[in-house]
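Pasting the structures in now, so scroll down.
Note that chain A is present in both complexes that follow, paired respectively with chain B and with chain C.
For the complex of A and B:
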């Protein structure tokens, strides 16, 4: 399904980065909640969870960066920012929106990971 | 009617001066969170000022930008410059600001949540007052009910300065919220669940608190006093509160019991052992009456006995205005003497 010699963009490539962000958020949240339940010892360390979140963060950031790179590679080669409703214009729009969403998701994942970086126990 | 500038400007200046002084006045006072007397309130105040300064800086920048956009004649690279502005001003800058704020805010949390090293006090939010029990034993984890026992009091909470006191909160009726703006909070008091708030007062004094979650008719009058004192004084106060009432014989307690007050109120040392209303064993020693809405005096005590709902709509206590006036006065005088 290649056209114009480039990788095709779809709704799925568009939402991939936010979906990774959502997955990272859910995984971090559930892991911390699961390990700390039933919260009887709030000063217990959560080193394992922090390492897990660290790993998930690195993987998520790399994946999001890949989606960003993929969209950016095609987008920068475009000469026109057309809005005439052609397939090419649609492609350009998807690429640009993917870049924006990937940037936002990148930041989102970093902010999700901040508590794991700064908080060492179940408090 | 549009006033000419000559008339309008001085008036505007007066209004501005009034506004500024009103705002400055709000920065201090017993209810002010910007005049901190506790670790948590102190951090909140720092966050507030940092964010306010940042917001003002951004506001000025945006206004200057708006002006330059209106005034300026677009040059050749206008579109490119606009895009660059959107990238840096609309994406990179907010991203950096949010990141800094998150790191700054989350970084404060571990210190604020250090374990308690002082007493444990149980506070029950009840419509429309605070039941207090000093020196209770709190258990870890999820707890449904406040621990029993402790030294009971009401509406005035004494705290040792420089110690981290753990406050266990719950409620038998609806959700309330415990808030002493100058020290710490808010923390909800939820029926069927014990929540915890560790407070660390940093200076002595008397501070005001309030229920911060709408709970019914007299929510706005559900206040409390926090008295922060040195540790020895705190211990002495709790020891004094644990004693039975100062006066347990005579006309006052006799009328109190005969009128049925003991069905709802406890006065230790007398047969009055009701658990519905506030413990009155040392009521005269508190600085305020009716959850910190009235000064403590024999007159206000008598007024409250006569017609509680007049002072506090929605209060559960029935009016005792049908008692002979002299009996009310005798009861009020006796209560006032219970320091």
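For the complex of A and C:
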């Protein structure tokens, strides 16, 4: 895959960013649930998990940003309006939709990381 | 390729005689059977109509239940309904509205609309569509009928254990009827979802690239995908639940290591995406209606796709917001709180897109637009309270109160019922050739809109004043009598409005003339429909170059109707449609879809009886019917699928020749198997989720002193599975390269291997005496291995089927759809077997 060249877009590149969001969400939830279960010692600190979620957040944000960048690079060089039946139109549409989804996913990852920033134990 | 006549060869489409002959042949081929054979019809137009009609009848039934509840709650300490009957009423109201109306109405409308929207003749599996409908019909009548015998489920539409698992709380068959009846309907919904996904990906008219797809099709794709991942966890939960009720396996019983919260997880992993499964298709209808009446293409097509895809993903990260009060750690709640706020962004984007389209265009008045506007007004209020209840501290106050009842009805009626009524008004002429009455629409809308608000707005207040949900009455001193009386009055005004709509829909309109073609002057393909309609879908399969071909492609309707595009004829007397590639919609092959048959009806009734007999524990009958249902399905496959065509390819017009038979990823059957197995894998992963969930819950899991299932037998089983999997793949390759005898031998070997794999996998827990009743650990291990072993047994039948096809000359080296799909099945089973063994055998050693 030519990550930084002009590259063909597919349904998979379209959903990559929200899939990263989903992976981040699942990892954060499972990690916190695993450490706190069975939820008997509610004052137990969860520093390790918070660091883990912080790391996962940075990685996810970078990956989503790369997908955004990849779509944006191609999209700004577009020459068509994106609503006709050519290959370029299809690319332009997928690139723009990828950018939008990446933006939403970026925001989603940021917001989903805030509980780990603010909550220090299993209460 | 701007005009179809350039380079055209073959018959002269400008000759009226040629056209008349083609039309006669097409009409004959696509005609619905008449008389008593009518029920054997599989046309998407007929089956879709039955489906919509049945769903609407269930909806009216559930609406009557709601009115019963409102009468009961009109005054304090009323005795119109007993507590017991009231519980049945609210349980059935929720269940029927969700499972028998909201989901089926989307799937059934899509079954009617999708082929038209995509410029296709039919969806790829019409008999499967008919099967799904009959399953839905049988299951729905069974579930609804129970209330007339006082045997209805009464544990709420979410059936929380232990209230519903223990005989002392809930005696009788109610929960079994709910579980088995609905599991059956969920399977039907999954089947329809597979059909819709394959239809959207593979049956688009040539040239209809992803960026030209009608927005409705985008939503269908997203929603059907959500169904695929959301329903299997519930089916898995249903299996656990039913095993507890029937055989006392303690999945949700804390005294033996189980946990009722697991059910809540599995239910809401289904239940929250479900809300969007209902909401998105309704928005999709608006995305078709608004541009038509704003007289311009939609503003921000990509933004709507963003909203659909984004909501589809995020909706899977919301389920715990139904469980804020279960005592999960605050950090877990925080994740779901955050995601629940994020989902408001794509939801809001859609509303702004509609407003922008209206502002940029010139809106003309119509009944569909009236309902669309009402829908947005109501939904926005529901969305705002949604943002409120998504916040943990607020939800702790409002949980299980009428505030939530108000919220969810604003969301569902604004986000679903009003758009559906708008859609029915809008699409009525496409289906029947005549419009519904504009005046009746106006008279229906205002009582519905005003009555709805009178009924549900006061519930915000009665809820905040402390009125709990699901309780059959309230004392005078609570001070909620007035809002309740107002709500009841509003509910009846609302119902009166809806009744006007229903009466207008069912009244005879013999004298009303047919509408002109494209009566709303819309721009999308479904309005190619003739008035009155023809059963053939499109007269010829067009080449698509724009998003609104009727507006943007010159002379489009005339060219399609004159048969100047692909497949203008049915020379061989077969029902045919074109299969195209996923992204660019390049023509790949012609698929011949099957015609009318009673087999789907018989198969559905027999499968339904399996579930019904199981409900009442009539095991002999259950077993016998299961065998009969299996036999009918094999008969169906044998006679009606993977037929070898009389010639390898066919001229479809415009100088294009396409093959009539493709196997592997170019065939729709392969895609259907692939997508089905994804759903199947999701159900399996839900069981694994259960295993690891219990692991986190217990300090010792497996419990001390438990040795099963051990390492030896599961390892042997894993080995046998891998070998069987490889032999199945080898048999496909041998067959393709022409070594038919070797392929047959390998198929036989693989079939034997499948049985051996299942046996060795089951032997591990059996030999180590794991008792599933004693504790949740052995119960969970058993569920996982039985699931995989059952799949291996089905895989064995599949391989023997392929062997028989090969021996009967129905499968050859060049025509190997059957084996190609069965091998794909085995890829998934091999993966599941390895995951299962890694979990039950290796994982306990590693921790």
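By definition in this document, the second predicted complex is superposed on the first by the 117 of 123 C-alpha atoms of A that agree within 3 Å, B and C clash if a C-alpha of one lies under 4 Å from a C-alpha of the other, contacts with A are read in each partner's own complex, and residues count from 1 in each chain.
Basically, a residue touches a chain if its C-beta (ideal position, glycine included) is under 8 Å from a C-beta of that chain, and two chains touch if they have at least 3 such contacts.
Just so we're clear, the structure is a prediction, and the values are computed from it rather than from any experiment.
When the shared chain is aligned, no partner comes close enough to touch A:76: not chain B, not chain C. In the superposed model, A:15 makes contact with chain C only, not with chain B.
When both complexes are overlaid on chain A, the residue A:118 reaches chain B and chain C alike. When the two complexes are superposed, the chain touching more residues of chain A, out of chain B and chain C, is C. In the superposed pair of complexes, A:87 makes contact with chain C only, with no contact to chain B.
In the superposition on chain A, contact of A:107 is made with both chain B and chain C.
In the superposition on chain A, A:41 makes contact with chain B only, while chain C stays out of contact range. In the superposition on chain A, chain A positions 38-39, 42, 100, 107, 111, 114-115, 118-119, 123 are in contact with chain B in one complex as well as with chain C in the other. Of all residues in chain A, only 10-11, 14-15, 18-19, 21-22, 25, 28-29, 32-34, 36-39, 42, 46, 82-85, 87, 89-90, 92-94, 96-97, 100-101, 104-105, 107-108, 111-112, 114-116, 118-119, 122-123 touch chain C in the complex they form.
Remark: chain B residues 91, 95, 98-99, 102-103, 106-107, 109-110, 113, 115, 140-142 touch chain A in the complex. Chain A contributes residues 38-43, 100, 103, 107, 110-111, 114-115, 118-120, 123 to its touches with chain B in the complex. On the chain C side of its complex with chain A, the touching residues are 207-212, 297, 301-303, 305-306, 309-310, 313-314, 316-317, 327-335, 337-339, 341-342, 345-346, 544-547, 582-584, 696-699.
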